[in-house]
Amino acid sequence: MSRLATALLVPALLLGLWRLSAAEGWLPAQLLPAPVAVWDALTETAASGDLWTDTLISLQRVGEGFALGAVAGLGFGGAIGLSRTLRQLFDPVFLLLAQVPLLAWIPLVILAVGIDEAMKVTVIAWASFVPVVLGVAQGIRDVPEPLRELGRALTFDRWDLVSRIVFPAAVPAIFTGLREGLANAWQTLVAAELFASSEGLGYLIALGRQLFQLDLVLAMVLVLGIVGLAVNGALALVERRLLRWQAHAA
Amino acid sequence: MTQTLRNRPARLDEISLTPALEIDQVGKIFDVAGRQVEALRDISFSVRTGEFVAIVGASGCGKSTLLRLILGLDTDYQGEVRLDGRRVVKPDLDRGIVFQDHRLLPWLTAEDNVAAALRRSGLPAAERRRLVAEQLKLVGLESFARAWPAQLSGGMAQRVAIARALVNRPRFLLLDEPLGALDALTRLRLQDELARIVRHEGTTAVLVTHDVDEAVFLADRIIVLQPDPGRIARIVEVELDGQRDRSAPAFLRLRDEILDTLGVRQPLRDIATAA
Amino acid sequence: MSEVTLVPIRPARRITLPSTLRPVLLGLMVPLLLIGIWQAAAAAHLVAPYILPPPSDVLARFRSELEGGTFQADALASLSRAFAGFAIGAPAGLAFGLLLGLSRMAERLLGPIFLAYRQVALFAWVPLLSMWFGGGEAGKVAFIAMTAFAPSAVNAWRGAAAIPAPYRELSRALTLGRLDHLRLVALPGALPAILTGLRSALIYAWLATVGAELFLDIAPGLAGRLNEGRDKFEVDLMIVALTVLAILGLAFSQLAAALERRSIRWRNR
């Protein structure tokens, strides 16, 4: 209880300062709108229904892009993790492509597939693909040799070795990759919507900026934080269920 | 040489009769997940200057807890730990400690690890360097001064830890199962060495161990603890002047006696008494 | 050995390469193949050159850009922006993270709000920062600094908080003062995590540089050229800019990794 109180102390202080600043007019409202204005912007977009439809659209984009990128990443990462030849063939190309800052792909992807839904899903899929591949490949490569030896001692065939030993042992690393992939997908979504979109949370932020409505911008920042927290929490829940054997998994 | 290595005669004239360290009705209760667990109950004994005292007992009898109280890492307990009549309130350089895990800082070389103990000594740099070199020589590791802990074997790392504990010339050397993590051969070798070093330095030593042989070999007096809660079962004077031979009959008799107190029956002796 | 009895049925089934050469050759195979197909496709007029110009055109473009000297200026502008942001954000994050990792009180007060802040997507701050600092150089550097701050802070925090309790106990047993504890125990113990944080701060700063150049006012820079390429439909320019961005990014992470290895020699021995 007192932990919660200490955790809320600084935010409460900042909020108080913010209110005071707005009341005293220390900063013009264009630079820092009052907390009330932000709250109003939030309730207005909620009442008009824009908030729900735009959040849903954003979530759908992340969902599609992440699903695509994660599935492809699991396949490709698994392939280069399990086969040395495939790794030596594709690792250099992949690593070089992975070095391109995510956003830099946006202009090129726009030329390739247009500015609509396909662009967003492609960019988000690539953004989730990269960390998933890295996590899966690393996880498989880091499976302790004694465990593989155990598999040989039990005369496992290749399928048993992968499904009973390699894959379960690599699950923690795979999840790290998935979580980073989801975080990347989320970041990229906002960037892509900011860059070119007519719907979605990123669009609302861009709109607020164009209309010089910082209250709308701040309200959407708040929503982004809450949705991000929820999505992250959901994945952590799944992870904890799958990793029950890790005694120290906090 | 072998003579001094194998035998550590307890010369009673070297041991002062006034107690330097007093453990007075010490008790300790831990709060484990809201449940009260009594770790130590009514522990009283004293250690005289120059004495080598061993505390033996099964794991979980609170012997390491007791050492932490003597070091001053934990001050929340009943009773009193006194040093020269004053209550121990915090760790000080007059007590050096060797932990079971050597606990060398992996990012410092062997000599820097030993030197870390001299941070609070107030000595000039040259003097510190000399002391560090001297201690490393004492534990036979002068040629490994620049090695990282990861490059040392378990026994070598533990010797560096001993050097670190001794570099301040502490009055008390506290040993918390210092050889417990080593293999059997290394352990025997380091027991010899520990006997030599403590004798050379003239330090008062308190050793916590679950190895009864080790206690009989090294100590002048053995405090035997029994668990749940940890309390003193008996205190044994080791009177093996000049014959700390690990296979001597007197040595084995004393060992078996202590094992018996700890509840470990000795089949050989049973047969002997039956016969 | 029993090798003699196990002679494979088709002994020359596979050409075996020297073990050091094999990964290099295999690694070059796919890119060379792709470039070959790309060039061949262009030569056979399978794709229109304005959609995918042949590698030779891209190379020619790269050469002309370099000769014109503007590209060097663009790269320099992007690099100095990234470093300026990094130089502000990363040390600030490091200090903040260490504070949280070493002081229980600071962690309880500031930890939760920092974690909450991390949940907001980075680019959501772009409009705010552009209002506060303008869309020019100040706004760009502010955004890059903000981006570099978080990974640096998180890792320093984790690293300092994860100093094992036995080491803290040792500090007490040796009666080390706060400064000695920091210098001998806490900082070296947290160093691997700190370096990981700085490395990822560098990579994030590079990403943020691209973001800043795309989203904020037009200014010289590699991502600016990327946008120019899109506006003018000059795909060769875009490929050149992308490649340079990738190579510089790769150089960053290699450099950081090398520094990391040097600073923690005590491990892996």
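Per-chain numbering from 1; labels A, B and C assigned in written order.
Note that in this section a residue touches a chain if its C-beta (ideal position, glycine included) is under 8 Å from a C-beta of that chain, and two chains touch if they have at least 3 such contacts.
Just so it is clear, the model here is predicted, and its values are computed rather than measured.
Just count the C-beta contacts per chain pair and the biggest one is A-C. Chain centres here are C-alpha means, and the one lying farthest from chain C is B. As a whole-number value, the distance joining the C-alpha centres of chain B and chain C reads 51 Å. Between chain A and chain C the centroid-to-centroid distance comes to 17 Å (mean Cα coordinates, whole Å).
In chain A, there is no position where the chain touches two or more neighbouring chains simultaneously. Contact residues on chain A toward chain C in their complex (touch as defined above): 3, 6-11, 14, 30-31, 85, 88-93, 95-97, 99-108, 110-111, 186-187, 189-191, 194-195, 202, 205-206, 208-209, 212, 214, 217-218, 220-221, 224-226, 228-229, 232. If you check the complex, the residues on chain C that touch chain B are 166-167, 169-170, 172-177, 180, 184-185, 188-189, 191, 264-269. Remark: chain B residues 71, 73, 90-93, 97, 99, 101, 103, 105-108, 116-117, 119-120, 148-151 touch chain C in the complex.
Residues 22-23, 26-31, 34, 51, 108-113, 116-117, 119-128, 130-132, 206-207, 209-211, 214-215, 223, 226-227, 229-230, 233, 235, 238-239, 241-242, 245-247, 249-250, 253 of chain C are the ones that touch chain A when the two sit in their complex.
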